[in-house]
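So, here's a batch of structures to check.
In the two complexes below, subunit A is the common chain; its partner is subunit B in one and subunit C in the other.
For the complex of A and B:
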């Protein structure tokens, strides 16, 4: 009988499985410990704690990788800081990779050498998940999404009933008893994938209605907590439901709601996991669709309908991870009269502090709010009355830092703002 | 006898050290290339090729990153340090293999660059000792590598300024020792740097984060 492996042995084995060319470079002597990344991290900016700078966090993992792969590991391991993994190290990794890093990637774009610190820490997340040390709530949320697929019949009636209620609300709002929120419509142009909650369905439904769009919902939502665990099995399983739905319904596009990680997973990560490439459909964010509608005149918007000053928070997953910088700005230019940029913005923007799944972990609320201070300062400096974010996790975090730091701003989604600005073709609203 | 020793350290020893150095780097690169490479597969939003060009170019434009914009002095230090290193390394080739080019003004210009690097190196070493955020991540290799480069700079500068036999011998002995040590130390970052910038450019270029978006 095979001897049972210790936790440390399992972790080392998982680390080896994940040892790719990109990780080998990121965990090598590439990092010269120059410290230029230190004050690019919102955690460090907020806390000034040298132990939670990007380099310090990555170094905890890098030293273990060096113990396996550095040339001097056998003769002088201490010389390069190489260190054999212990169970205590794994507990420290939980702090470094899950609690003290939101995977925002600000350190990478600001590293003169291009050290991919989030890759190093994401690897630690994957190892910790494999050995059962990941935050339980993230595992539960990922598993709940998978369980939904397995118990679809159980959820279906309740879901359809809820959609009917929303449909009645939509009809009232647009003044058209024929307005629909379609579910499971084969041959629709778009499969719109929302999150759980009416706030990600209603504004989009209103926009699609005014654009005369052919669209449908399915039974699944966009959230993918598997990616926060860096667990490719769970992540793939959760994404696969949406991919297969798109195939079944023969849609031309999957449109992901305002959710940073869900978009990044579907647009950039999922294509690495599935062999049946390229798909017969493309993946876009609702941001890109709204931008297209406005630019092509498919919907008419009046900025006077949003008569307040607005600033925009670049979600890390939509911006720094996916390149959606211009689309939201074009939408804002059309939909609000007073748009104020935060400084810094675009790929230099600070994370709100809620990324990487942190917003779902109540016991780490203290550090999450503390790390949100640079964002709170950015928002306050604009003097804007509203902050728009195209990511649900960001909006949740922004809502909390709004209250915590007394910013007194309104936190909004982009679709909500666009829906407000729409000038109906029939003149009603 | 002494002249033969100078000739030995200037030519034979350098060639041996350079060969070992090249062999070790070839091995490093071979080990790296054997590993799987999870490539980006999502349909392109931007240009990977331009991304790679931008990725390498960023280093030369301090305004391209917040870190170097905020710490412009550090970028200047970086430039001076690497110019010094470049001059010191160049000397190991030009002195033995192209002596005609080593006129007095050329030697002194190179010496000035190397002294600039030496001064910056001293600042870097002091910062590593004094700054808590650097101290917590520093290994013996970090301190030794910086100190070793300082020694290399010192002997290079003295050799270039004096052109004396003794300093020349010391310079080439240090260079050879350096070539043997570098592949094992953090000084080898420049080999990985090439790969890291390519990976960065491919990913951030393809995703349209840098280098503009494809229409």
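For the complex of A and C:
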């Protein structure tokens, strides 16, 4: 009978499976411990605790990687800092990789050598998930998304009932009894993938209505908690639901709602995961679609309909990780009269503190709110009355730091702002 | 009807949006004994798919869902 492997053995096996040239070189050997990443991290800026600086967090994992893969450690173990993995280390990894890093990538942008600290910590997340040490709620949220697919018939009626109610609201709002929130329409141009809940469906439905768009919903939502676990099985499975729906409905594009991680997964990871199947559609964020509508005159907007000062928070996944910097700013230029940039912004923007799945982990609310202080300070310095974010996780976190730090701002989504600004062609609004 | 199910814990999730209703239920289920029931109210229609999916995947049971205008009332039983 095969002997039961210890937790450490399982973890080392998983680390070995995930070992790659990128991890060895770009994320490990290149780091010269210069410390330039330290004050780029919002956790460090907020806490001044060097133990949660990027280099300190990554070093916990790097030492173990070096113990296995750095030949120098056999001769000069003190030089490489190599260390054999222990069970205690795994508990420290939970803190370093899940609690004290939101995977925002700001340290990478500001590293002169481009050391990919989030890659190191994401690897740790994957190892911890494989050995059952990941935060339970992230696992539950990922598994719930999969359960939704496995029990589709059970959920379908609930979902359709919800959509019918939202459709009645839309008809009332736009003053047109023919306005629709289409579901499962084969041959539509767009498959729009929202999150659970009305707040990501209604503003988009209103915008699509005014643009005269051919669109449809399917049964599935965009959120993918598997990616926060760095669990390829769960995250691929969750994304595959959407890819299959796009193929089944023969759409030209998948449009991802205002959700940073869902966009990054669908836009950047999915084409690698499913490279052997034909991609007859492209993937865009609704940010890009709204920008296109405004630039091409497909919808008319009036900035006077948003008569308050607005600042914009660049979601890490949409901005730093996906390059969507100009689109939101063009939209804001068209839809508000008083736009105020926060500083720093674009690729040097601070994470709100809610990324990496942290908004879903109530046990760590204290550090999440503390790490949100640089963002709170940025918002306060603009003096804006509203802060717009195109990511639902960011909006949750911004809502909490708004209350915690007494910012007294309105937290909004971009689609909500655009829907407010629309000048209807039928003059009914 | 709601009076036919006796809840061990009542939870107000009104105003919370995805994923927070699931997060709160996941926390609260630990505060009822096995066989115990949570009665919760929410306003985000996403719970109508999310909570049954969460219950199914965690081995718990969604007993019933009712709608009273904008308020969704549901009962979840802890099975393990």
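Please note the rule applied: the second predicted complex is superposed on the first by the 424 of 429 C-alpha atoms of A that agree within 3 Å, B and C clash if a C-alpha of one lies under 4 Å from a C-alpha of the other, contacts with A are read in each partner's own complex, and residues count from 1 in each chain.
Basically, contacts are C-beta pairs under 8 Å (C-beta built on N, C-alpha and C of every residue); 3 or more make two chains touch, one makes a residue touch a chain.
None of the values given here were measured: they were computed from a predicted structure.
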Applying the touch criterion given at the start, work out whether A:71 contacts subunit B, subunit C, both or neither, answering first, second, both or neither. first
Which of subunit B and subunit C A:289 touches, first, second, both or neither: neither
Report the partner of subunit A that touches more of its residues: subunit B or subunit C. B
If you stack the two complexes on chain A, which partner ends up touching A:188: first (subunit B), second (subunit C), both, or neither? neither
When the two structures are overlaid on chain A, which partner does A:249 contact: first (subunit B), second (subunit C), both, or neither? neither
In the superposed arrangement, does A:137 touch subunit B (first), subunit C (second), both or neither? second
Does subunit B (first) or subunit C (second) touch A:320, or do both, or does neither? first
So in the superposed three-chain picture, is A:37 touching just subunit B, just subunit C, both, or none of them (first/second/both/neither)? first
Look at A:154 in the shared chain and tell me whether it touches subunit B only, subunit C only, both, or neither; answer first, second, both or neither. second
Same subunit A residues contacting subunit B and subunit C, which ones? none
Note which residues of subunit C are touching subunit A in the complex, please. 17-20, 22-24, 26-27, 44-50, 52-54, 56-58, 65
Using the touch definition up top, name the residues of subunit A that touch subunit C in the complex. 136-137, 140-141, 143-148, 150-151, 154-155, 158-159, 161-162, 165-166, 195-199, 221, 223, 225, 359-362, 392, 396
Residue numbers on subunit B that touch subunit A, as the complex places them: 31-33, 35-43, 45-46, 55, 58-59, 65-68, 70-71, 74-75, 78, 127-128, 131-142, 144, 183-189, 192-193, 195-197, 199-200, 204, 207-210, 213
Any idea which subunit A residues touch subunit B in the complex? 19-22, 24-26, 28-40, 44, 50-51, 53, 55-56, 59, 71-72, 78-81, 108-116, 267-272, 277-278, 282-283, 319-323, 325-326, 344, 347-348
